[in-house]
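Listed below are the structures to be examined.
Both complexes shown next keep subunit A, but they swap its partner, so subunit B is in the first and subunit C is in the second.
Up next is the complex of A and B:
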């Protein structure tokens, strides 16, 4: 284990690297944990109330008190509304007609106009849905008032849809996103840690000396992996700690199982970094490869935010070669559902396969390093 | 002598990189305990050869036996019995002298009391005893080179391969380094060393000259200078100074002539005949011969003669 010892001394001697190793998980967790937010709260809203009486104001109050909306401007012309949307001062414009209360009174079917900035279609869909809920709520109360006014209190109740939200009671997207962030951060850090080591030895000419020693490639791989595995697990604990105590994500599973899955995933990404390092010609190329080959696939294809079952068939197949997919599934299962080995056993088996595959590729690549 | 009496045997070694033959059918034996010099200019195939001998590169064809083991079959056994110092003296700059030695010792399976003793001996031999806690980054080139040699020797291998150990080191440090090498050689270690400094051949028991991947000559430095030069090396000094090189070269007994300071160096087939021919030439020119005497040829003279003649033979289309 002379090699592992040497690596440890080298890491310890380089305070800059040490600082990066310890602050990178915190930085990335904060960036991705806060940056990726799928809820659409406080949508800026502009209203153009052409009538301005009690009924129309009641409707607008419902918007104002709703957490999804924030009324920014009360406008006085349709042109102002267009300007506001154009300039991005609001995402949704509500126009209430000047015959609103009259229509209500006469019991005619009424329309409230909404103009939505749909340049981001996903957001537009969400906003339209929220706005529809607000208006339907208003409509229901108007109907109930009308019926009560006319003395109809029959036991007739509309069918109601009662949903119990499981696993993520508050329907907070953060609970869904942050456990996945742990996987992405670990993928990036794990690969980064080892991707430079061989490339550095080669740049400095020490690789030749290592290969000339009577040490098998297996021993070289172990010597290179062990110190970084220890550091990687420390980083993993930082990430998991931040997830539970800083982001307040509910943890319902078995901590030992979580550590086991994390260790498996870490092994996979460390070996992947080592493989990159044996192929890349210098440290710069190695770091570029490491980020490109881990961050993008882990971000896009792991099911971290974008559901894999919504992807086209071929992309689904591709996503199954991304180790982060299995770890993300395992993480979400353990964190939110508290599932055990019987459920995520398949994921752990897949991770084991991935790390074995990277192990043999690295071994093969090591053998032919100088030729 | 059988194969077992040799530390290294290379037979018809070829290494191609695509079309380019970096090593082209080289064969040589290295005897146990000798200092064997592998001389050639930059890019002549020295590093490629030494890497093949150490099992770091696979030859395209040919066979190598090191310490009695075939390198392609028993690379592990070979690695155990050799020390290797690569061209860039591979040390870890962020580690101290002792940590470097400890690391290389560990890589060769030396540990415990044995390792401590080996480190003490190596520090002593390399003259680094006072510097064991110094970070390597702050050592001078000469000391780094001593440490690299010490690292390669720590596990006391019977054979050591040194790839251009003296390149880029100042002349004083070079001389000191060769003293260390000779001390090791005297202790029975076989030393295979490559260099592009032709004068360093004098420190070796036997040398090989290579050029463009081909073996040009093999023998002791004295043998090569006596036999491979293809004539006697003479120095000519005239009064007044005179240098009609082309006229001299045209003489039948003169193989080659070139200006050397205020004198002319000549390679001649027979010094007596050459003296008569030159004197006749000088008389016609009205110049007096001040001195015409044999000089000690350097390895560089030998190398230049061998390669120039070979290239000339190539140009005429004759196979060497």
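Up next is the complex of A and C:
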């Protein structure tokens, strides 16, 4: 315990590091909570109506009144359309042919061109989806009018799909992403807190003193972990508090369970940091390991924004070695679905396993240093 | 002066490259990362897991189900037998979507009334849900139109022939196959390089300070800007080589098309590395311990990657944050790499981004030299 106090005093003496550690979650949550948004509203749209009569205008009105689109420009040539897309003034260009109304009248199958800037393929996918819905809606109403005109009044809509969306009614991407931010912040802060501690003692030459002192490796590990665990939990509470009360992300689960999962994850990342610290020769090497193992894996492989089940099989296996994956899954489950231990028990067991593994590896590597 | 810088460069290079562990660290993690993240960063939605509850057991309901089975966007993982199971499979995230065909489905179709199909969508992953919703509606519409046309062909085939229809002809530009990888691999390169360069540079000066070798260097006749140059040029050259390596992997392995000019890409990369290097240096000059440097650099790296437009479109951010993104070099570089790789655009369009990176880089470099000087006195 004396060791823990020494460590705590050391942290206390460096007010800037402490200030950063405590303000970082607030700033990060603010930036991430506001900056993270995958939704596409008001997509800039350019239209090139080569006909310009009643029918084509009716179709374009549907675009104008749609919340996903915002008509920016009415163009008069194909070249203008290319220019607008190249310069990024619009993301979607709708081209209506000059035989549009004639074709409708003659009962042809008509195509309306939708040119989309697909360099961001996700946005492009969503935008073409919305555009298709608008055009198909138009087509359906044209066909219904046509059939009614010819005396067919029933069975115009044989099937209707009633889709109910659970957990996230408006499909707001913020609800999906923000709980995961807690995991990223914790993964980075947690590992960073401990990753330099042992390496620093070694670099400054105080490691020998520490080893000569009558403490066992187990006590040493506890002494190093406890103060940071306290700081880490404060950070976690700040993050979770902001998520619930500031960003208003629905919280449907059990708070105690959330705390338990958080403590478990924090333990895992602190121990991972400590392990890095005992292996690395100096602080620089330790920091490089910590950077390598925390930020990008927990950003890209944890299911934070990129769904793991869409990855190739081999990569899914790799993802399961990233502790953040389990915590992100647990967070999203507890927050949005309100699931209990029966559903996320596996995740918690995996986290326990990870932290035990890190603990014994650290212990082993300490013992080796001693000899 | 040049001689002094050269001597220092030599010393730095030797220090970095003589250590076999360091040589390993410079190459291997980078390659592993580009392979992992090149595949991981992906918004494509295929094989959405689906469960089906068919309470009608009719020819028609099986026809509808077979359309979901045939779609490459869905994979039917469970056949449910009663409605209570829906909550369970969704809670456990075994499926994202359930389709429920109620009894009387076929009867309603025959009676020419609207037959409802109920679907439950797990909205937790809003992006996947949104795309899956689009596919559901598409399959449903095709089925409905197919059924209607089948009926029309029996009662009045003439009507069907002259029926107008309008469809979207989709023309995705720059990325015709809507490949997520094409979009993300160039971005991943930018992100990885920022991370590496910034954290490496952030340690340079503070490390010498903490070990106590900074004093030794300061009593030599080297000037502070020479010292900073000597510290950053090796990192810069190494980073440029690393970048070329992963860009090559992106082109050769991930088959990202390279449509622009190599010269413009080089210019953009040089300016980008310069600006992130400058941020790292500034961090190093304002930190007194390596721990501070590490924590501070992440204070910058995290927001910089979120605000860069790498995974979250800048146009969807609130105005204040959009303003902040202009301070983020990654933002400019992503426009440059994506533009050069996918669109093949040149300096005539990319000059504002280049200028912004150059400005950011030179301001920050000047700041760190000034700051370093004052910290010595």
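To be clear about the criterion, the second predicted complex is superposed on the first by the 347 of 371 C-alpha atoms of A that agree within 3 Å, B and C clash if a C-alpha of one lies under 4 Å from a C-alpha of the other, contacts with A are read in each partner's own complex, and residues count from 1 in each chain.
Note that in this section a contact is a pair of C-beta atoms (placed from the backbone, for glycine too) under 8 Å apart; a residue touches a chain by one contact, two chains touch by 3 or more.
All values reported here derive from a predicted model rather than from experimental measurement.
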- Looking at the combined model built on subunit A, do subunit B and subunit C fit side by side or clash? fit
- Just subunit B (first), just subunit C (second), both, or neither: which does A:214 touch? first
- Task: Using the touch definition from the top, say if A:6 reaches subunit B (first), subunit C (second), both or neither.
- Result: first
- Touch check for A:14: first (subunit B), second (subunit C), both, or neither? both
- Query: Who does A:234 touch here: subunit B (first), subunit C (second), both, or neither?
  - Reply: neither
- Return first, second, both or neither, reflecting whether A:162 touches subunit B, subunit C, both chains, or no partner chain. second
- Message: After the superposition on A, what does A:206 contact: first (subunit B), second (subunit C), both or neither?
- Response: first
- Is subunit A touched at more residues by subunit B or by subunit C? C
- Which of subunit B and subunit C A:341 touches, first, second, both or neither: neither
- What is the minimum C-alpha distance, in Å, between subunit B and subunit C after the two complexes are superposed on chain A? 12
- Message: Please report the subunit A residues shared by its interface with subunit B and its interface with subunit C.
- Response: 14
- Note on the structure: Residue positions on subunit B within touch of subunit A in the complex are 51, 54-58, 76, 79-80, 82, 84, 86-88, 90-95, 99, 102-109, 151
- Within the complex, subunit A is touched by subunit C residues 21, 25, 29, 33, 36-37, 39-47, 49, 64, 90-93, 109, 112-131, 133-134, 136-138, 140-141, 143-144, 147-148, 151-152, 155-156, 159, 161-176, 178-180, 182-183, 191-192, 195-196, 199-200, 203, 207, 210-211, 289-292, 294-296, 298-299, 301-303, 305-307, 311-313, 316-318, 320-321, 324, 338-339, 342-343, 345, 349
- Message: Residue numbers of subunit A touching subunit C in their complex, please.
- Response: 14, 16-17, 20-21, 24, 27-28, 31-32, 34-41, 59, 85-87, 103-126, 128-129, 131-133, 135-136, 138-140, 142-143, 146-147, 150, 152, 154-169, 171-173, 175-177, 184-185, 188, 192, 195-196, 200, 203, 283-285, 287-288, 290-292, 295-296, 299-301, 305-307, 309-312, 315, 318-319, 329, 332-333, 336-337, 339, 343
- Item | subunit A residues touching subunit B - in the complex, by the definition given at the top | 1-3, 5-6, 9-10, 13-14, 204-216, 370-371
